[in-house]
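In the two complexes that follow, chain A is the common piece, with chain B as its partner first and chain C second.
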Partner chain A sequence: METKNNWKAWLYLAPMLLLMSVFTFYPLINAFIISFYKGYMPLRNTVEGFTLLGNYLVILKRPEFWNAVKNTFVIAFVSVPISIFLSLLISTALKSIPKLTKFFQTIFFLPYVTNAIAVGMTFAVMFNKTYGLVNLILGWFGITAIDWIGGTSNWGTQMTALLVFTIWESLAFKILVFTSGMQNIDKQYYDAAKIDSASKWTVFRRITVPLLSPIILYISITSMIGALKAYNTVIGLFGTKMGNPSYSMITIVAFVYKFRAELASKGYYSYAAAAAIILFLITVTFSLIQGVVAKKRVHY
Partner chain B sequence: MSDVFVVNEKAYRTKKILSNVILYAFLVFVAVIILIPFYWMILTSLKDANVMEEIPPLLFLTPSQWKITNYTQLFQLVMSGERRGQPLFPFFVYMKNTVIVSLITTAGTTITTVLAAYAFARLNFKGRDAIFAILLATMMVPGEIFILTNFLTVAKMGIITFEQTFYQALIAMTLPFMTSVFYTFYLRQTFKQVPNELYYAAKVDGTTDFGYLIRVMIPVAMPTIITIIILNSMGAWSAYVWPAMITMKDEYRLVSNGLRGAFTDAGTGRTDFGQQMAAATLVTLPLLILFFAFRKQIMRGVSRSGIKG
Partner chain C sequence: MEIKMVNLTKIFTSKNRKEVRAVDHVDLVIPTGKLIGLLGPSGCGKSTTLYLIAGLLRQTEGQIYFGNDEVSEMPPEQRGIGLVFQNYALYPHMTVRENILFPLQNLKVPKEDAKKQTYDMAKLVGLEELLDRKPKELSGGQQQRVAIARALVKKPRVLLLDEPLSNLDARLRLQTREEIKRIQRETGITTVFVTHDQEEAMSISDEIVVMKDGIIQQMGQPQDVYDHPNNLFVAKFLGNPQINVFDGEIVDGKVLIDGMAFAETKLPNQKIIAGIRPEGFVVDKTKKSPFKFEIDLVETIGRDTTLIIEVTAEESTLLDKKTFKAIVDAEFRIKPKDVVHFIIKSEKIHLFDLDGKLL
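Entry: the complex of A and B
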């Protein structure tokens, strides 16, 4: 009875598979192919030959690409661990006040339902040297106004502002996921800890984190992938100029888009493809590393 | 003996109260940090030019200081330049586009994912698990890789020209986003929870597979489907790169695209923060309203996406 509906099953899958063949599978393969073209003109669809690594070497020689890699890695390696640690801490705190959990959870979730561009612009106003809230508060502590993202700002101040914004934005999802995860942890572990009068820190380190480790791992992988693709946050905070001087806050994805837009320049589309493939390889590498770590460290 | 007990009890209580105070202080502090940008956005949007010039900036405004001039200015027509004759920030046009795009992609995504999830959860066919694994693997691929070719594919359809019509722009904006691996996965989990016995009973009664999907599976999975509909609809509000890439006219774009750049005076290079924040508030508000209306479904759907992963 069940094997008969073989061809019918394909009928149910057809719409999705058709769309994905055109807009997911073919583009994935084609990106590799484009990255091997020499002198590619995408709109005229003309090619002057093939090269295995030529386009990759071109972008690897560009300082701008390394700047993009640096910015992207700083965003990922600083914002992801901090936001995971903070959201674990906040979720643990939430767990101790069951009555108000929902209320605080709702507030903490708000950044998730906003628009990265709109909020990025708001952070730009808050980090403004003269009219911003950040310098106003720092002023209360006697710190003179800092130009975070304006005309006299430098890489460090801009990156700080970007990291604050990125962490603020990424907490919401993690807090929600961690609190739901903690609700699934068996209460007897905590009761046992109470009898042994373990300190809160010990409970956090020895019970909450290990038992939550599959979720923590999953969240670190997905947030790492998300952070490596940082783009909208940069546009939101710095605008399309992407920093001061222009493009100083460029990310790998921004690099891809910058070269993609040069439709009339010979070969640029291939540079964009090569950069996108490199990003893909970086993402895969991180996922694999984290997967291996998981096998060794994660408690199931 | 009883004295010692009382002292300990007291010490314990004091300790508990103290730790509770610290706990609440911490959570309230975090809540303030989370809420401040929203506050600053709305506050700045209500400042008129005079209040805006105050240094240091005003932290609070009395209701009499609230001015909606920034909002009215957004709808005033631009006098010169490329966008002459259009409102400074055509919010309602962008909003209409965003809603239309959101409705189309959500309808498409819901239909394709329900059908596919049903096949993966209920029907048997060769290579089912292999295909499902391949689909899941695509979730790891950064979308930027697809965009390069998708742009060319859509361009080849002849709908990215200077004579682009709104209808063509809509096709280009929605077509690549009519399905979702993640929602298929999410729905499949729900479908799988429906007991097999129901399926066999329905079969005995002569119900077709499609009839079973419509009459049993979809009603049972309705909460999940509603969550998918809401989450997917919200996606159009954040869409930025793709719509900017493939729309040829300003009036075809979505809310995110209109936000950036529109408020910098080309001559002086100065940004009008008040107008900028008024526009940001207008764009954020519908999302927040949607969130408070469907808080439960949204939070449940999002939290599940993190746990089942």
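Entry: the complex of A and C
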């Protein structure tokens, strides 16, 4: 590599670096700093001093924060594996109908280009106790109407509805990536497996999944990060009340947002920053764990 | 297990609805326990034939029998075949052991038996030391042997090999073809392999089947097919260097090429195509023979010497090319520009009509 031409590389990178400095690096570092302020008033920009862990301890003592952590973890650890598994199955099914693959790919991709808030409102109607589609269908099987997200709903029903919505919403991108990944798998492996008398399930489990494992890893890391940042799905489904009773479906990002919105209350801005940093650490930790697991489980 | 193909035809329809007859009314019986080479240039239908036997392709017409058992409509997994793909198709994420074990697991063979059979098979192909390696940690020849072991471990009725040597370098190719021959002998399994390399096919096959445009041109023992080609195509396809092909005619029982009588025949007068194998030219030490040529190029390989003779006459009788080749004993130290007298071995001359059919 010749060093004298480096300035060109920097020149090309400059616009991106500039934007990232303003909108990514600076806020990131600033969030760290704000999380150590004591009695910060953002509107007046006054600080009463510094504290290393004070803000963190404040939010760690709040039951609402732990509720947010619980909700976020449930969303991440239930929706991500289920949606990966489902989208793998759907992609495999799509592959076996090559003529219609393109058509169904488009259909399955539609959720990706729709707005989570708008679709969330649709789901809210579907999960309505009296005139929702879900209860109508359940009624066919003799199941009495359940209040999923209304005034008499509980945490379990609300979380179920939220998970169904989250999974549905996250299938689109995964299916797209998996179907194109499968197209890159040499057809001869499938011919060989056929001759080796492998059942469809065996082919899926022992050929398709291992050969897709690098892509599955990529998808699981990115969707884990996405799920840990869940927010708009909650707003979409439950509105700004975020559940019944209010804030029962709060997530970490929603928690951050709620505190950040209280600009006039002394120190709340720093609580929000501290919560954001905690979320950041959680996300980094899980990405690292996945990376380590991947080294053992992902093939070639 | 004898393989019988009756009237086997495969037509591919391309996107613009053009029909291609990849395999055209093939009738073929492959005897039990033999190693058969399906030979032909690319696009001749040899691989298609193999995939039809395997069941990965479905025939348009005709039947396939293994012994008395019709398999034409059976899916591949029920036919009892082992197939070695051209690029082996070893599962890259599995070790050698897992690759060989895979068919047995699918057939629900009890664990202990499967383990033993895997080891025995690995031993047969000489890979028992490498069972825990991944395919990418093996050389091409070793991967090839894993593929053969995987194909054989379930004790198939028939072993099919698609261009088994084409991905190997020259030295490995020689080794591996002996290896294939040995494994086939030891297991006694009926084996069909596809190749475009005539030398490869001739060297290891019990019988070869030469194909062109989906049609079988000739079948027989390699030496027989080489010595008695049915037509010009077979004559040209077998043998390296290629047979020399000349325009000629038969006049009064003499085969004339460029006015010179090369051989005698009982055939009636007519225009012909004459093929003379390069080894049909023998150096005449007495220098009495009328066939004398000036040598243009000499290729020495040690065992014998290839002489390349350019035909300068304006109306060359030589078809296809401007030169013809003679292979002579290395004891003659012939140099370019030497004039050499040849005796022509009559059994090395093959006469064809203008359509290329043997006369």
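The criterion applied here is as follows: the second predicted complex is superposed on the first by the 288 of 300 C-alpha atoms of A that agree within 3 Å, B and C clash if a C-alpha of one lies under 4 Å from a C-alpha of the other, contacts with A are read in each partner's own complex, and residues count from 1 in each chain.
Just so it is clear, a residue touches a chain if its C-beta (ideal position, glycine included) is under 8 Å from a C-beta of that chain, and two chains touch if they have at least 3 such contacts.
These numbers were taken from a predicted model, which means no experiment stands behind them.
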Worksheet item: After superposition on the shared chain, which partner residues are touched by A:198: those of chain B (first), chain C (second), both, or neither?
Response: second
Practice prompt. State whether A:283 touches chain B only (first), chain C only (second), both chains, or neither.
Written response: first
Item to complete: In the overlay, answer first, second, both or neither for which of chain B and chain C A:189 touches.
Response: second
Practice prompt. Specify the partner with more touching residues on chain A, choosing between chain B and chain C.
Written response: B
Item to complete: Mind working out whether A:211 is in touch with chain B, chain C, both or neither, as first, second, both or neither?
Response: second
Item to complete: Could you tell me which stretches of chain A are touched by chain B in one complex and by chain C in the other?
Response: none
Worksheet entry | Touching residues (chain side chain A, partner chain B) in the complex | 1-3, 5-6, 8-10, 12-13, 15-17, 19-20, 22-28, 30-31, 34, 42-43, 90, 93-94, 96-97, 100, 104-119, 121-123, 125-126, 128, 130-133, 136, 139, 168, 171-174, 176-177, 179-181, 184, 200, 215, 218-219, 222, 225, 228-229, 231-232, 235-236, 239-240, 253, 256-257, 260, 269, 272-273, 276-277, 279-280, 283-284, 287
Worksheet item: Which positions of chain C touch chain A when the two form their complex?
Response: 54, 56, 75-77, 81-83, 85, 87, 89, 91-94, 102-103, 105-107, 134, 136, 150-151, 154
Discussion item. Show me the residue ranges of chain B that touch chain A in the complex, using the header's touch definition.
Written reply: 19, 23-24, 26-27, 30-31, 33-38, 40-41, 44, 52, 55-57, 59, 111-113, 115-116, 118-120, 123-126, 128, 131, 135, 138, 140-153, 155, 175-176, 178-179, 181, 184, 203, 209, 234, 237-238, 240-241, 255-256, 259-261, 264, 273, 276-277, 279-281, 283-284, 287-288, 290-291, 295, 298-299, 302-307, 309
Response to the item:
The residues of chain A that touch chain C in their complex are 186, 188-189, 191-199, 202, 206-207, 210-211, 213, 299-300
